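I have placed the structure first, in the form of structure tokens, so that the comments after it can refer back to it.
Letters A, B, C and D mark the chains in the order given here, with residues in each chain numbered from 1 onward.
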Amino acid sequence: MSEPLVHTLRPRYAECDREGIVFNAHYLTYFDVSITELWRAACGGYGVMLDRGIDLALAEVQVRFRKPAKFDDELTLAIEIAHLGNTSMLSRHVVRHGEDLIAEADLRHVFVDLESLEKTPIPDWVRQGLEPWCVPVEGTGG
Amino acid sequence: MSEPLVHTLRPRYAECDREGIVFNAHYLTYFDVSITELWRAACGGYGVMLDRGIDLALAEVQVRFRKPAKFDDELTLAIEIAHLGNTSMLSRHVVRHGEDLIAEADLRHVFVDLESLEKTPIPDWVRQGLEPWCVPVEGTGG
Amino acid sequence: MSEPLVHTLRPRYAECDREGIVFNAHYLTYFDVSITELWRAACGGYGVMLDRGIDLALAEVQVRFRKPAKFDDELTLAIEIAHLGNTSMLSRHVVRHGEDLIAEADLRHVFVDLESLEKTPIPDWVRQGLEPWCVPVEGTGG
Amino acid sequence: MSEPLVHTLRPRYAECDREGIVFNAHYLTYFDVSITELWRAACGGYGVMLDRGIDLALAEVQVRFRKPAKFDDELTLAIEIAHLGNTSMLSRHVVRHGEDLIAEADLRHVFVDLESLEKTPIPDWVRQGLEPWCVPVEGTGG
């Protein structure tokens, strides 16, 4: 049974708007931090993949904002991999503050060559590294 | 026949990542600038609405990234209103660089009381101001 | 003998430019995070001061950039208080990556009333809380 | 007689904090935009210099914040070159809102090789392009 990778993050003063709540755009940066943390746990760091000439490009994102987060709240960010294709990755993100659901998101990234920005297959060592955080495919059980 | 409101924007050096392309989170800020520009054209400025104690809160966003935008590219940002409910607004955004489609997005905002952050009905003067940029409802023609 | 408050921070992918190095503006945000961390240690959190109607406004800043910091580097940020006046605070900041000196900065903040943005005296409970991180005045020894 | 290059910029909603005023870090980004605009006027665009393998790195900055700027204020940003050395450039920045002085800054940049990040002499074509915005050296008049 897989579990999401969870890390914590406190919104900075500079990230909050005149309502004192986190401005929406910063959540995309937070989700990117979650990916950095996942790569650290899964593959020894995102920089390792960059050094091998591979990067991720965001192709599509959907975010549902449930409750506002405030300055200095200790947020928990959960990430899991919903699908790994040949060149693409679907990740699911949940942001909470204590019991409160703050935001949910689905991101589709494409693996790209760092130089050409062209699609490139997911390397085996990345695929293996991510496996513990991949949601099992439903309906394949015996 | 309505037309989207179009304005131009050049990505800043600080908004581009190591690929020299605009980092994804900044697009949400760009869409917010489009709303500021729409309010300027429609209602005399977003500050007028803030002064009357009303703000917008983003409830949901979907972005599809088609091609990367680069530092200092002159982008055109188009915005139109797909739907005005009782308290919510659906806006459609298209980002282009010349003929190239860079990104498309759908945003759902909720009108909120500036103090309580609770939902509040769209004021008539805002509804009237936005009308020229509202997409006509399909299938209602004679 | 006082010691600076030290915390760690990893630059985010979104904060690095096409050189793969941290864009300069983000350092001001990092210094602000240091102040948030100092207030947490000194006064039970920056939010406590905001709740009492007091905020800090930056009046002057000088930064010297020594070496570039890179994406995901584990930086140490040190902050100490060089001077507390009647309404103003001078803080010194040093950013390091391992042994490497990345940046040094001097910031002068003014305590302001949250509503009026007018100068206000430093509250005693803040002054007492900050004391352990105040650099002793030189030349006053016996 | 030289005059500063002046351009206008409206702070975005996302750049304002809970006071409704521009957070300090964004000014460094604004000054960087001024440099982009100066290069457009002086040298056909900053991208031309990047394409030739040369970039600027900020070595030192001093900012004095005089009055807060607010969301959507039409700010004027003035930039002039105070000194061009062999590899370094000192620029002076003034931000105004109408008659109000918002901020003043002095930035020292170093010209660097885009690949190595090592110092490199200012190219002649850049030096000539910048000349109209260079403050005349005092006391050399006949």
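Keep this in mind: a contact is a pair of C-beta atoms (placed from the backbone, for glycine too) under 8 Å apart; a residue touches a chain by one contact, two chains touch by 3 or more.
Bear in mind that the values here come from a model prediction, so they are computed numbers and not experimental data.
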- Note on the structure: Of A-B and A-D, the pair with more C-beta contacts is A-B
- Query: Taking each chain's centre as the mean of its CA atoms, which one is farthest from the centre of chain B?
  - Reply: C
- Between chain B and chain D, what is the gap in Å from one C-alpha centre to the other? 30
- Centre-to-centre distance between chain D and chain A (centres being mean Cα positions), rounded to whole Å: 36
- Item | Whole-Å gap separating chain A and chain B, where each centre is the average of the chain's CA atoms | 25
- Query: Where in chain B do residues touch two or more other chains at once?
  - Reply: 13-14, 18-19, 23, 25, 29, 32, 50, 71
- Item | chain A to chain C touching residues, read off their complex | 10, 12-14, 29, 32-33, 36, 45-47, 71-72
- Flag every residue of chain C that touches chain B in the complex, lowest number first. 13-14, 16-20, 23, 25, 71
- The residues of chain C that touch chain D in their complex are 18-19, 21, 23-29, 32, 50, 55, 57-65, 68, 114, 117
